[in-house]
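Right, one structure below, let's go through it.
Chains: A, B, C, D and E, in written order; residue numbering restarts at 1 for each.
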Amino acid sequence: MQERLKQKATQLLENGTVDRILGWKAGEFFYDLTPAVFTTKEQIEKDFVFNVFAGANLSKYLIAESRKGGKVAAFIKPCDSYSFQQLLKEHRIWRDNVYVVGVQCDGMCDAAKLGDGVLSVKEEGENLIVDTLYGEKTVLKADAIADRCASCKSKKIVIFDELIGEQGEETENDRFGEIARLEAMSPEERFEFWRGELSRCIRCNACRNVCPACSCEKCVFDNANSGVRNKAAADSFEENMFHIIRAFHVTGRCTDCGECSRVCPQNIPLHLLNRKMIKDINELYGPYQAGADMDTKPPLTNFTVDDCEPSIVHERGGQ
Amino acid sequence: MKKIAISQLNELFSAISSQKMLYIPADDGAGAAKFTPWAEGISLTDKLNTVRSAKDLFFPQVENLVNFKVEGTKIDIVENRDAAKPFVVFGVRACDCASFDILDRVFLSDPVDTFYQTRRENGVVITLACSRPAETCFCGVFGIDAADPAGDVTCWMDGENLYWRANTEKGEALTESLNLTDCDDAAVTAQQEESRKILAKLPLNGLDLSAFKDEKLLDVFNSPKWAELSESCLGCGTCTFVCPTCQCYDVQDFDNGREVRRFRCWDSCMYSDFTMMAHGTNRPTQKERFRQRFMHKLVYFPNNNEGIFGCVGCGRCLKKCPIHMNIVKVAKALKEEKV
Amino acid sequence: MQRVGVFVCWCGSNIAATVDVEKVAEVLAKEPGVVFSTNYQYMCSQAGQEMIQESIAKYNLTGVVICSCSPRMHENTFRKTCEKAGLNPYMVEIANIREQCSWIHKDKETATEKAVILGRAAIAKVHLNAPLTSGTSPVKKRALVIGGGIAGIQTALDIADAGFDVDIVEKEPTIGGKMTQIDKTFPTLDCAACILTPKMVDAAQNEKIHIYSYSEVSSVKGFVGNFKVTIKKKARYVDETKCTGCGLCTEKCPQKKVPNAFNLGLDNRRAIYIPFAQAVPKVATIDADYCTMLKSGKCGVCSKVCTAGAIDYTQKDAFIEQEYGAIVVATGFNPIKLDQYDEFAYSQSPDVVTSLEFERLMNAAGPTGGTLLRPSDGQHPHTIVFVQCVGSRCDDSKGKPYCSKICCMYTAKHAMLCREKYPDTDVYVFYIDVRTPGKNFDEFYRRAVEEYGVHYVKGMVGKVVPENGKLKVQASDLIGNQQLHIDADMVVLAAAIEPDKSARPLATMLTASMDTNDFFTEAHPKLRPVESPTAGIFLSGACQGPKDIPETVAQASAAAAKVIGLLNKDHLVCNPCTAQPDELMCNGCSSCEKVCPYGAITYVDKEFRGPNRTTLLRRVAQVNPAVCQGCGACTVACPSGAMDLKGFSNKQIMAEVDAICR
Amino acid sequence: MIDTIKRISGVNPRKCMKCGKCTASCPAFERMQFHPHQFVDMVENGRIHELMNSEGIDFCLSCFACVERCPRNVEPAKVIEAVRLAVVRQQGGAHLTPDEIPALLDDELPQQAITAAFRKYRK
Amino acid sequence: MPVNEEFKPTIVAFCCNWCSYAGADLSGTNRLQYPANVKIIRIPCSCRLNPMFVLRAFQRGADGVILCGCHPGDCHYTTGNYYARRRMTLLFSMLDFLGIERERTRVEWVSAAEGAKFAATMNDFSATIHKLGPNRRLEDLRCRKD
């Protein structure tokens, strides 16, 4: 796959389709890829990488990249394509300046699942051969797959100019299972659960800054004029506040790409909040997938006269 | 050199915490470790290091400074410091311990930061030597010996015993209050030898920081590489907040309608509103902010501090950066530039 | 920080009996920024108002808080008071300590404590108030009426009568609308044409009225007082200025087999036609779908016979741009298509007709010259069955959920006329309910039953089967608890009515809201029934809901009155409490635009200064203060908080929250 | 009982506007004591037992003309079917006792049919 | 948290200007009593209620927050309360998901004619909050009054 992507990138540069390529660059180890912009064949030859750790969702970079003049090609995986289209829908990306190469994806791996002291990794079929400071071992790719990919919602690339690999379909998944488990708890248990999770937050803003839906020119939490600015949670309230407001601001816009949980240095399952909102929207207002198309009205800027009342939250209990 | 059986660790912790608040690195229930107040049932983690560094205990993320009470036009200033309590922190790794020297240079030089100073005076640091470093470790680059860390007390652990060596008066005092057995250095020396073999194999050992000399300041500052390096930076504060040496903070006020509480909290040079001034910000894009962080650690800080870099090679930013951009990649890229 | 003056009103004993007004004034005096605090018996009295004005001058107040009755009562009074003293009227806040405090609490201590908190909240808010100025926008003194039926004509006549120019845009070649097709009108049975055609002529001759017939609205821009409308004049291939309406072409045209739309296809007309004798304008139109000249370039008969030289086969659609201060929608209705209702055999037998087709069959100017004859064989029908509620009052999947309102009455009219003209016919009317609320309506219906012997049967027709030249009708008689089998000669279906199909795209252009049935929504169902929620858009006739003629005319005149009221103003004063985006923070995401009920938000691409001497092109929201009504929906939809509402800003509301909870 | 009928049929009789189109469409009108619109009305008013004991409920052909024609989607045929089911399910209506079974057996009859019939009619 | 006899809940009621604020005025005009700890904030329309205001109230020590607006279909601005309805449904659901007592938040549609309903609603809501006790799960300790 990596070679096909490299070839495509080189070809797009050489035939003048684009001026820049947005992809992933090799790091010190096999797993620490960095999103990067390539402008020459040489750079691509030397540094362009695509492997099971190319999890970073590149769509958000296109907000800035598409405004830089010239045209940029971006490699977009299925879940990234939803984010991309959602950003288009919100007029955040200048479509004319982007050439989207859809890349099929079999799920990305989580480096933390490889164990300690990883020096290098080789992909061999279904296996990863991991060389560590403490010896070599073989890990099944399936055992190292990232949690978000294990409950992948769709392998469909919803928008592209060109496709590498097969087009996929929406997949059967149990992504709402963990939400249902939380809903089944008593409010006290849920409160304890979230207190435990959110109290670890260090307000590094990684979740916000990586989130394609959080693309505000200026976040209310950075804006002294908003009246709610804060840089650190001085009280447990502020830990809640940040995450509630963030989840609410992306409600109906979150595509469930899972980047927030991936980047959290404290492993807080932040995606659960967003996913709960998605589940609610699906159940209360009919199925809706942000970014799936350009036309459907987002649920929070839409209504029907027969919508349920807010009291449904009381009536249905924790559901 | 003293020792105590691993099976007796709980008793040791219990004895220490009967005198002072004791923090040990324990599992946080989410697959990582954090410094946790010891209590019965809390046990030592088997993780190499905590996500948040030991810095937090001396320079917490949020700290009350002072309160103001306003009535009409009268403003009363009310002290609101957190009470100073003696504490012990156990299990600090060599890198974090080295970071205290860097923080001391900032906070204890004139004007002294009394909040930090109080905590430093009140805290006893018990370090724990590393025997199983990670691929991201590069403390050796800064002359830190992970097999023989500093601190008030240094500890080593093997399968059977915890070995204990007091290094300072504070350490001695604590040692005397505890029931430890005398022993020789043999076991420790053997373990150190083993550890150093592994430490020697670490992939980042060869990191060359010689390019960041005083006289190169402008060359480094003006390097065209910064644009490329910072291109994918998200501008989050992860690297800053997990870093044991970052020490920037912001002072903010919280008005609850009855009084104004002034507190300080960590800030990150990666944030767009870092050092915001009346005219706006003087680092308008992520490139400048990104450059600031690494210029500070690799050039400005050593320039003002006898060549000591503002980094201890703990590897946290390597592990935690959402896009895997870090000081190692930066240093390597800028060095390439020079050659 | 403002210099705030606090004025606590006793309202006689209304407040003072349960609230310790002196204490309130005393406690509030210690609030930050308060430089003067007092209490008085009646703040709204002349003396009270003077006291406020004097204090503003004396203490150089920049903000005023009045603790008194509800702002719904005297907010305007106090705003004017302060304005006269040179203070911006929007620097006044009212703490409602009467309706929401003294009147609901009995314990003086509790009420006093609450009054203090409410006062504090008002003070906290006033600190963040900013002086607001109402903007004005000029009014273009011309109105557009879309639709030239009776509603449109009446509205246009009334507006013209008040001295304003009015344009009527009608998509058909003639104005007049549905009423031109109707024979007689209930409950008076006077002839529709006799009362309508003089109005059509009035409209045509009125020099203030300009009729764009055979035209459509193709785009609408702007806002109340300043609409810019593009009208598409469809090519009719006849020069209107030359055509005399002599009708010679419509007799000579060799293409004779064109279904006559005016008679609902019950007979044929030529490819060049004038819909009916009294058409306004009386100008011929070529039906491009049938004209052999336009289709194949061979013929040209009309051109040869036209002495005026009015035929122009090369005519193209023309676009006219015009500015208006107000727009009236009068797009009217149509009967629904009946294909869905197989059971009534509408598409199987020509003798099953809709009520509007029946009108044509009864009309002296209709295809049968006014003699009621079966379309199938031209025979006189002896048994006629009327079915009510066809497609009305249905579940959504089966038809229209609403009552079409006019069917009961016109069916009674039809039944009565049948029996009157042809006493030998048996007339059955199958009904679910007979609804006759209206002046002389029930009397009319009773006459049909009692004097004219129409058989009203409570029940529904189950099926109609054409058999041997008859229509076998199977129906239930719910009161007699029997199933009826009638051999009918004709079946007349009272089809539900629906808004004209052109209404939906028009609503989008106008940013006027519609209900799920495509009827235009009124600004308030009771109190503003002829206005759309979108400022400057008015509703006339059945586009707003089913209506009979008198109701339509009443609403048409009401809409005209509203338009006249608007056009009479030289400038519109805008509500200054409008939304305002901070362009620097706007993402350009359009969330606000989607929730704005008034279409007040638009987006522009604008250049901004970027970091390091760069310029950035960004898409940012713009609010038109003349259109914004200040609801605030956009402020919450905005994820970045770029949109705020003047007078009720985020910070102001949060300051109130803080003050209340403190 | 009303709730049972409503639950089995899934019909909300309150939606009926009493137009009688169901009855007008009914081909079995003559043979039924109560007609489709009356079924709906009687269910609404709790006259279930009268319906269950009425003549001709089995004459409903389940042709669904009434369902098809009803302007308000009330679905009278489903009510009739529910009433029929209610009759079948009646306790003690004793349609089949174990003693009768041997007499009913014949070689052609599948065992399952007996079991099924027994389950259904032994209540 | 045991029910404290002395506990006087703080309740913030956001009322739309056109219906509910007028309804509240009417309950005053009719001298219908409801607890003094209910404090009303006037907003132009229920759709003006930013979830941030709800959180702010809880932060600053409110024990219950209620939004009152025109009945659906009667909004002065035609559609505002429909948006408010969705927003509040999702916000309340999220708070519930975080384990915040769901009884602390409520939306009630009160028309300008429903003075009695306004008073009854406030009495009922206040009683509910009283039973729940002080808000401890979503408060800011820095704002607590001791």
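We adopt the following convention: a residue touches a chain if its C-beta (ideal position, glycine included) is under 8 Å from a C-beta of that chain, and two chains touch if they have at least 3 such contacts.
Keep in mind that this is a model prediction, so the values were computed, not measured.
> What does the chain connectivity look like after leaving out chain C?
Drop chain C and the rest splits as A, B, E | D.
> Count how many hops through touching chains it takes, at the least, to reach chain D starting from chain B.
Steps on the shortest route: 2.
> Out of curiosity, which chains are bumping into both chain A and chain E?
B, C
> Counting C-beta pairs in contact, does C-D beat C-E or the other way around?
Higher contact count goes to C-E.
> Distance between chain C and chain E based on Cα centroids, please, to the nearest Å.
Once rounded, the distance between the two centres reads 35 Å.
> How many Å are there between the centre of chain B and the centre of chain C, using C-alpha atoms for each centre?
Here chain B and chain C have centroids separated by 69 Å.
> Roughly how far is chain A from chain C, going centre to centre by Cα mean, in whole Å?
46
> What is the distance, in whole Å, between the centres of chain A and chain B, each centre taken as the mean of its C-alpha atoms?
Result: the chain centres lie 30 Å from each other.
> Taking each residue of chain E in turn, which ones touch at least two of the other chains?
Touching at least two other chains: 51-52, 56, 60, 79, 83, 87, 140, 142-143.
> Out of chain C, which residues touch more than one other chain, so two or more?
Touching at least two other chains: 595, 637, 650, 654, 658, 661-662.
> Mark out which residues of chain A touch at least two other chains, giving numbers and ranges.
218, 220, 234, 300-302, 305, in rising order.
> Pairwise, which chains touch?
The list of touching pairs comes to A-B, A-C, A-E, B-C, B-E, C-D, C-E.
> Give every residue of chain B touching chain E within the complex, in rising order.
Of all residues in chain B, those touching chain E are 254, 256-258, 261.
> List the residues on chain E that touch chain C in their complex, please.
Chain E reaches chain C through residues 10, 12, 17, 21-22, 24-29, 31-34, 36, 39-45, 47-53, 56-57, 60-62, 74, 76-80, 83, 87, 119, 143.
> For the complex, which residues does chain C have touching chain E?
Going by the criterion above, the answer is residues 70-72, 96, 98-101, 103-107, 110-111, 113-114, 117-118, 121, 513, 521, 523-525, 533, 577, 595, 597, 629-633, 635-637, 645, 648, 650, 653-654, 656-658, 660-662.
> What does chain C use to touch chain D in their complex?
It comes out as residues 343, 389, 393-395, 397-399, 432, 458-463, 474-476, 478, 481, 483.
> Can you list the residues on chain E that touch chain A in the complex?
Chain E residues touching chain A: 51-52, 55-56, 58-59, 72-73, 79, 82-83, 85-103, 105-107, 137-142.
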